[in-house]
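Should a chain be cited, it is by its letter among A, B, C and D, assigned in written order, with residues numbered from 1 in that chain.
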Amino acid sequence: MAKTQPKPGWKSKIHEIIYEADTPAGKFFDVALLIVILISIVLVMLESVSSINVKYYWHFYIAEWIITLIFSIEYILRIIAIKKPKNYIFSFYGIVDLLSTIPTYIAFIFGGHNLLFAVRALRLLRVFRILKIARYVGESNRLLLALRNSRPKIIVFLFAVLIICIIMGTLMHLVEGEKGGFDNIPISIYWAIVTLTTVGFGDIYPVTPFGQVIASFIMIVGYGIIAVPTGIVTSEITRSQKKKIPTNTQVCPHCNESKHIDDAEFCHNCGKKLNE
Amino acid sequence: MAKTQPKPGWKSKIHEIIYEADTPAGKFFDVALLIVILISIVLVMLESVSSINVKYYWHFYIAEWIITLIFSIEYILRIIAIKKPKNYIFSFYGIVDLLSTIPTYIAFIFGGHNLLFAVRALRLLRVFRILKIARYVGESNRLLLALRNSRPKIIVFLFAVLIICIIMGTLMHLVEGEKGGFDNIPISIYWAIVTLTTVGFGDIYPVTPFGQVIASFIMIVGYGIIAVPTGIVTSEITRSQKKKIPTNTQVCPHCNESKHIDDAEFCHNCGKKLNE
Amino acid sequence: MAKTQPKPGWKSKIHEIIYEADTPAGKFFDVALLIVILISIVLVMLESVSSINVKYYWHFYIAEWIITLIFSIEYILRIIAIKKPKNYIFSFYGIVDLLSTIPTYIAFIFGGHNLLFAVRALRLLRVFRILKIARYVGESNRLLLALRNSRPKIIVFLFAVLIICIIMGTLMHLVEGEKGGFDNIPISIYWAIVTLTTVGFGDIYPVTPFGQVIASFIMIVGYGIIAVPTGIVTSEITRSQKKKIPTNTQVCPHCNESKHIDDAEFCHNCGKKLNE
Amino acid sequence: MAKTQPKPGWKSKIHEIIYEADTPAGKFFDVALLIVILISIVLVMLESVSSINVKYYWHFYIAEWIITLIFSIEYILRIIAIKKPKNYIFSFYGIVDLLSTIPTYIAFIFGGHNLLFAVRALRLLRVFRILKIARYVGESNRLLLALRNSRPKIIVFLFAVLIICIIMGTLMHLVEGEKGGFDNIPISIYWAIVTLTTVGFGDIYPVTPFGQVIASFIMIVGYGIIAVPTGIVTSEITRSQKKKIPTNTQVCPHCNESKHIDDAEFCHNCGKKLNE
């Protein structure tokens, strides 16, 4: 299509490779980036295991810098390739991409070797690189839609759950007193959440008969009302399943809009020509 | 609308501010009250943490009295502003509003400083103030409707769950004997509830092979029958989703009825004029 | 209706009281019996608490005999009042009613005071009296119908769950070896069931990294496939909700059939006249 | 049907017995095989209990060889009876059948008595014999269909769950530090999975107030989003329930195809004659 477009230029080519997935180069770029992301996450994880970190400290250090440089280049190319960089920079993925590179630089400047909490936090921020993967999950569109549509109801539901937990936690604190770990209301509410969501760690549990009766009540309530969010989401999904979802992977080089119908030649958002 | 209404009077104005949310003053009142409620709940929680309570005893004491006074004034205004106070006083929210103020007064009269159980209970009753928030959750109407419609079925279901727990608990007491904490039937039933609802604290667990077989059976039953309440509520929600819900926030100043259709000028319950 | 029926006789009157709930006497009988059942269950429970049993041994002993006599009389009346006693005796409720009385007699004959396992088991059998209550739960008809219709699918599902647990349990036994409690395959399968059903007691848990990876896999599978029984039952309930269920409480005095449509004058099963 | 078929031969008879279930001999074969499979599984389980293994070592040894021989004969017969053995050998059940016999032989050759990990693993592989049972579960066709149709959505969902667990686990490692068992990121992610799936072993749990707040958040998320897979599968099952499933148990002797419509006389896959 679009044969009359005058000289696509190298920016347009980079745009096609980085932002789209319908050319061999675009597909290769996506797969390569995915692998780098996964390696990066595995490295962050392994680095946190002190026995491994002590042994391979320099390997981690070098690998980290290589990955950071790759992500930095990707970030810069993404800004160059697009005609309105603002649309990218302040989008969700723009912020995620920035957060994937910046912590390593800051940690380097402020002395990455000492163990200050702020620096450690910065270094662990790198785990958010995993969100870069979200770009490649197309199927989730429909799921996200169903979740977004049922969000107000689910928030109300979780709110009700929280109210129940606050009241029940206070009751348990009153009944169990200082025994069994129900020392204060916040910890008792924490216990009520652990119990109502049917997690049940067992670090705190009632020991008085009356406390066990209340606990039984909370558990049965939690077991019963889990039906509510399920019902909400189920009816949303059933409804959303009737709609069609486009599979076009093209992204407008002008405004970064990505939801184009399958045969689109022009961006429905800004009216500019899409890449071939 | 309703331009011919003779002199609305200050009571009617207060009514509009307190009971409704379609004027700026009404909205401000709602938000301010919400904040006071949340502060109050946080204070009750923090007060229960003994290390914090020792340090800031007098801060809590003064804050508590300020909040109680605010709620008392709110309560009195609500009674004054309405034409048939009875409808408010004996409604759910009337009782909640009273319970939000009264414990502080009673605890003061009967010596709020000693640690008698009754006084402690009274003080913790203040946590029920959280129910004041329920007023602002409009979306829940439909959820409550679905839950109310499926209530008889859910009660029957929970009843069946209880019967299973009683029989299984007794069986476990018989099989496990005095080992592993299954000392008597009530505690064994408590364990059966903990297990069937998939909470699983781990404070009590079977140690004999046969006990573990029964436990496996209970767990699989619990894992399987959770489908029942979910199925009930799901089909109710699917059904209820076809109905429309009004968004009118007006409340009749005569009879306190709040479910008016969107263009209502007169109360559908008592026929009196609604506020502008 | 049925004014020409010749002399109903005392048997027919007893039938109306015991088997039906549409006369004041019938309702009173039902409520009285319900209370006796509940008292009986509470007594069995309390008796198992050794500190209470020691103190009130004789109270329990006498109460037990009174309740057993009441149930015995009820059982005999039920046999007398019906025209084809076999239909009752070999029905589910006939067996439950018999099991509610017989253990006390047998335990008395074979020396109810010693603590042989068989006698203890017999005494605890009394807890099955709770099943007498099932008679009064009309609403469950539809639920039971939905469950019965989805039974083959749920059995296949639970079967698949069991296969997963057997394979995963064996794998965990292999990986964890004798550490952490995975001593043999049966206990490892028990652990897999505890984990897959999301109960998670925490009496046994993996300690090796690879064991924790497998455990994570089992948990995510368990978290995911709980959707299957829920989906099955939900679609069954949605379907069954379109059918009407009769509310007639009459029971045929000839054949004990209880599912009569609302205006039935004759039993649809044996053609005999129903009680007025 | 098919009276003109020339001399069915003994291979065709064996095929009818082994692969189909519509003759008395075929049914007997199926039931007998089922029993052998179950006995085999129970033996593998019991053998792993060291106290039992020490006592009955030789019983297990002999029983194991008898079962292996039976499965070997079955495997050879299945290959002989079919006209295109390749179709069977490389099918799912062909591999399962091979795996049911081969470990015993290999363990024998490489010295089944020592406790090398590889040999132990081989011996435990026998537990996969349970998969032979899958052949007999016809009902699951529809369930599998629903699961297969919703697979892409469920994978996306589990993927999202994993991303949440990775981020939350890292956060917990940061907040809890080395206290309470959150020593490194992998173990913290393992904990996040245990918590989000509402299993909650209790081997690791947060002890700092802020860690408990994050844990509460994870638990409520896990409690809420379980609705998603349920919703997906429910709508799939509701849809799949409208389709009909054939009950023909015939299997083509030429190409091993098993999905024939009820009156099929010729295989829909290779066009050859089916058995009578």
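Operating definition for what follows: contacts are C-beta pairs under 8 Å (C-beta built on N, C-alpha and C of every residue); 3 or more make two chains touch, one makes a residue touch a chain.
It should be emphasised that the depicted structure is a prediction, and the values quoted were computed from it without experimental measurement.
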Report task. Go through A-C and C-D and name the pair with more C-beta contacts between its chains. Result -> C-D
Query raised in the report: At the chain A/chain D interface, shared numbers over all numbers used: above half (same) or below half (different)?
Result: different
Query - Recurring contact interface, reference B-C, options B-D, A-B or A-C [over half identical by residue number] - result: A-B
**Report entry** Rotation angle superposing chain A onto its copy chain B by C-alpha atoms, nearest 5 degrees
**Finding:** 90
Report task. Express in whole angstrom the distance between the two chain centres, defined as the mean CA positions of chain C and chain D. Result -> 33
**Report entry** Centre-of-Cα separation between chain C and chain A, whole angstrom
**Finding:** 46
Requested in this report: Two or more other chains in contact with one residue: find those residues in chain C.
Outcome: 157, 186, 198-202, 222, 226, 230-232, 234-235, 238
Requested in this report: Using the touch definition up top, name the residues of chain A that touch chain B in the complex.
Outcome: 152-153, 155-157, 159-160, 163, 166-167, 170-171, 173-174, 183-186, 189, 195, 198-202, 205, 209, 212, 215-216, 219-220, 222-224, 226-228, 230-232, 234-235, 238
Query - Residue ranges of chain A in contact with chain D within the complex - result: 41, 44-46, 48-50, 120-121, 124, 127-128, 130-131, 133-134, 137, 139-140, 142-143, 146-147, 154, 157-158, 161-162, 186-187, 190, 193-194, 196-203, 222, 226, 229-238, 241
Report task. Could you please specify the touching residues of chain C with respect to chain A in the complex? Result -> 198-202, 230, 234
